[in-house]
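Structure provided below as structure tokens; questions to follow.
Letters A, B and C mark the chains in the order given here, with residues in each chain numbered from 1 onward.
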């Protein structure tokens, strides 16, 4: 049996708040195979982002996260992260942002220039390389954020609701671009999203999380012919059937959460 | 209000026209009132008389010497405050022990009128420049510490996390990410501290003498040389305007990347 | 609950206690020349004496009166001016350049001028305080009023709010957080300018007292008076903050994150 790329074992995490400790995650187990695209969906506040942050090494937790068999002790360049808020360095230009990770790693200048230029071309922002983040639209910022992460060639991509801050049309464009990138590079992707349609469209496995304290309660394998166009996929019965199933599953969790609160 | 940054050229030009017009109007009223002897000339010398006095103090070197001395004191004091303030503010954001130590000092010091400490500084450092420079530093350092501390704490964690994921070490984080992220807010604090530095310098000179704009201003008042009093006040006003314009230009040039 | 609050307060004050202890130890150990820095005990004795003799309370009252008058007058005119500037573009067009211009003038520079006009006494001090408090009140009121969201105004209109009521119930109400911030700033200024005036051109007040003690070499009394000033200013600031917090408990932006 091939070892999974990411192994999440019995992850539990609690926060201290004014009203005492809050358990965000309870005993989460998840394995992500190399080259898999896994989406985590669930009701708001279920802890899916928290789980991602733990895998990213930003938050400590009880349990273990192993990457290639090694325990995660903190953030690392092999796990690239893209946040919903873009998190671009506002004092650096587009070019400098993308080159940032390469600089940190001591990549020589000519090579940096090469890689950066290529990536800027890939995301289609050649005319904007000397612009500052504040001059860019949301979609453009997110493209830069993705390019910045890709520059370090991480084997794993962690995406935290990457398109949540974008308008519907930009979101669709970005989803297609992400899909294209993934199909070309086959990186291991772990994505958190609240948009069930997006999860079904992009991923090949969906994990549904319960409301807080979060646990993975259901999994769906997604097998769609991604060679087809968005129109064909969206209008196909297979896609809609899957989407309805996943939606229903999440809905069940949302209702369970409300029922809990109502009591 | 100062014109909104980045307004269209026509609006800016309109505002500038209005400013000039307002000023000219005021000057005209002043001159007319003085000539009409609304008040005795000793209380309200005509603008023309003040202009002559101004020309005189420039020509005989009094004003340039005073100006240089006062500005020197203000800027050295501000630099001291800036360097130490930013350092302390950053340390406070990073280290709980430093924060605990500084917290009551900052809380007590911030609302207190620093000028009340002038006699202490004069006692310790004499009436020449040193006491004034240190008083200015004391007056400016607290808002800078507070501004830096708040800026450092407000740095969005996703910025820090991204930096870590891209290979930034803990040591490098401060210089590479925290500090640049704080520049706009620190700069805003420095911009507010500049007039404080000037005020403190002038006031200290007015109270304790030892040369500079404030000292000459007070001597002129004591000897009822009102044209000189007015002239010096106008120069102080002018300096304030010039420096503020300079600061805005600097901000435009170097901090264009900041939001808003 | 109260025990917890008490311990927290004690922890916050602890660094000050530490400093006082270190100071006293240094004095006792001969490290500090009491001619330049009286020991805490000496200062405390002087303070007790001052409080007993009524010297301090008399002068403190004078200073607070001057600062308070100037602040009150400045606040009322400032709010009115800020409101007018926000509501009438014409008014703003003519007044704004003047307001913007005086921002750059250190108000304490006007003290000798006022001394020339009004002599040494209350009027000079109150005028100086008034002018210094005016600006932050105008600016903050303006900012608060001008940022009133249109949807708020429109909702009020559809609910039948008259023109007069609009000003008080909607615009000023919306501007209240900013006005209170401005008031806190103005409070600080009022102290600075009152004391500056006293040091430069007065025969009474706590500023003058500090200055006189310094001139006559009664350093323990000087430090004691300064300590009084610091404590009073701190308490007034805290009172202002408590007032703002209490008054604004309904407002979203009521946060307690800042260090000061």
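As a working rule, a contact is a pair of C-beta atoms (placed from the backbone, for glycine too) under 8 Å apart; a residue touches a chain by one contact, two chains touch by 3 or more.
Given the structure is predicted, the values throughout are model-derived calculations rather than measurements.
S.K.: Counting one step per pair of touching chains, how few steps separate chain B from chain C?
M.R.: So the least number of steps between the two chains is 1.
S.K.: Sort the chain pairs by how many C-beta pairs are in contact and tell me the top one.
M.R.: If you count contacting C-beta pairs, the leading pair is B-C.
S.K.: Report the chain whose mean Cα position is at the greatest distance from that of chain A.
M.R.: C
S.K.: Taking the mean of the C-alpha atoms as each chain's centre, how many Å separate chain B from chain C?
M.R.: The computed centroid separation for chain B versus chain C comes out at 18 Å.
S.K.: Hey, how far is the Cα centre of chain A from the one of chain B, in Å?
M.R.: Chain A and chain B have C-alpha centres separated by 47 Å.
S.K.: Report the inter-chain centroid distance for chain A and chain C in whole angstrom, where each centroid is the mean of the CA atoms.
M.R.: Chain A and chain C have C-alpha centres separated by 51 Å.
S.K.: Which residues of chain B touch chain C once you look at their complex with the stated criterion?
M.R.: Contact set of chain B toward chain C: 1-2, 15, 18-19, 22-23, 26, 42-43, 92, 100-120, 122-124, 142, 145-146, 149-150, 153, 195, 198-199, 202-203, 206-207, 214, 217-218, 220-221, 224, 226, 229-230, 232-233, 236-237, 239-241, 243-244.
S.K.: In the complex formed with chain B, which residues of chain A make contact?
M.R.: 53, 56-58, 74-77, 79-81, 83, 85, 87, 89-92, 100-101, 104-105, 132-134, 145, 148-149, 152
S.K.: Can you name the residues of chain B that touch chain A in the complex?
M.R.: Residues 156-159, 161-168, 172, 177, 180-181, 183, 256-259 of chain B touch chain A in their complex.
S.K.: Report the residues of chain C in contact with chain B in the complex, numbered from low to high.
M.R.: 11-16, 36, 85, 92-94, 96-113, 115-117, 139, 142, 187-188, 191-192, 194-196, 199-200, 206-207, 210-211, 213-214, 219, 222-223, 226, 229-230, 233-234, 236-237, 257-260
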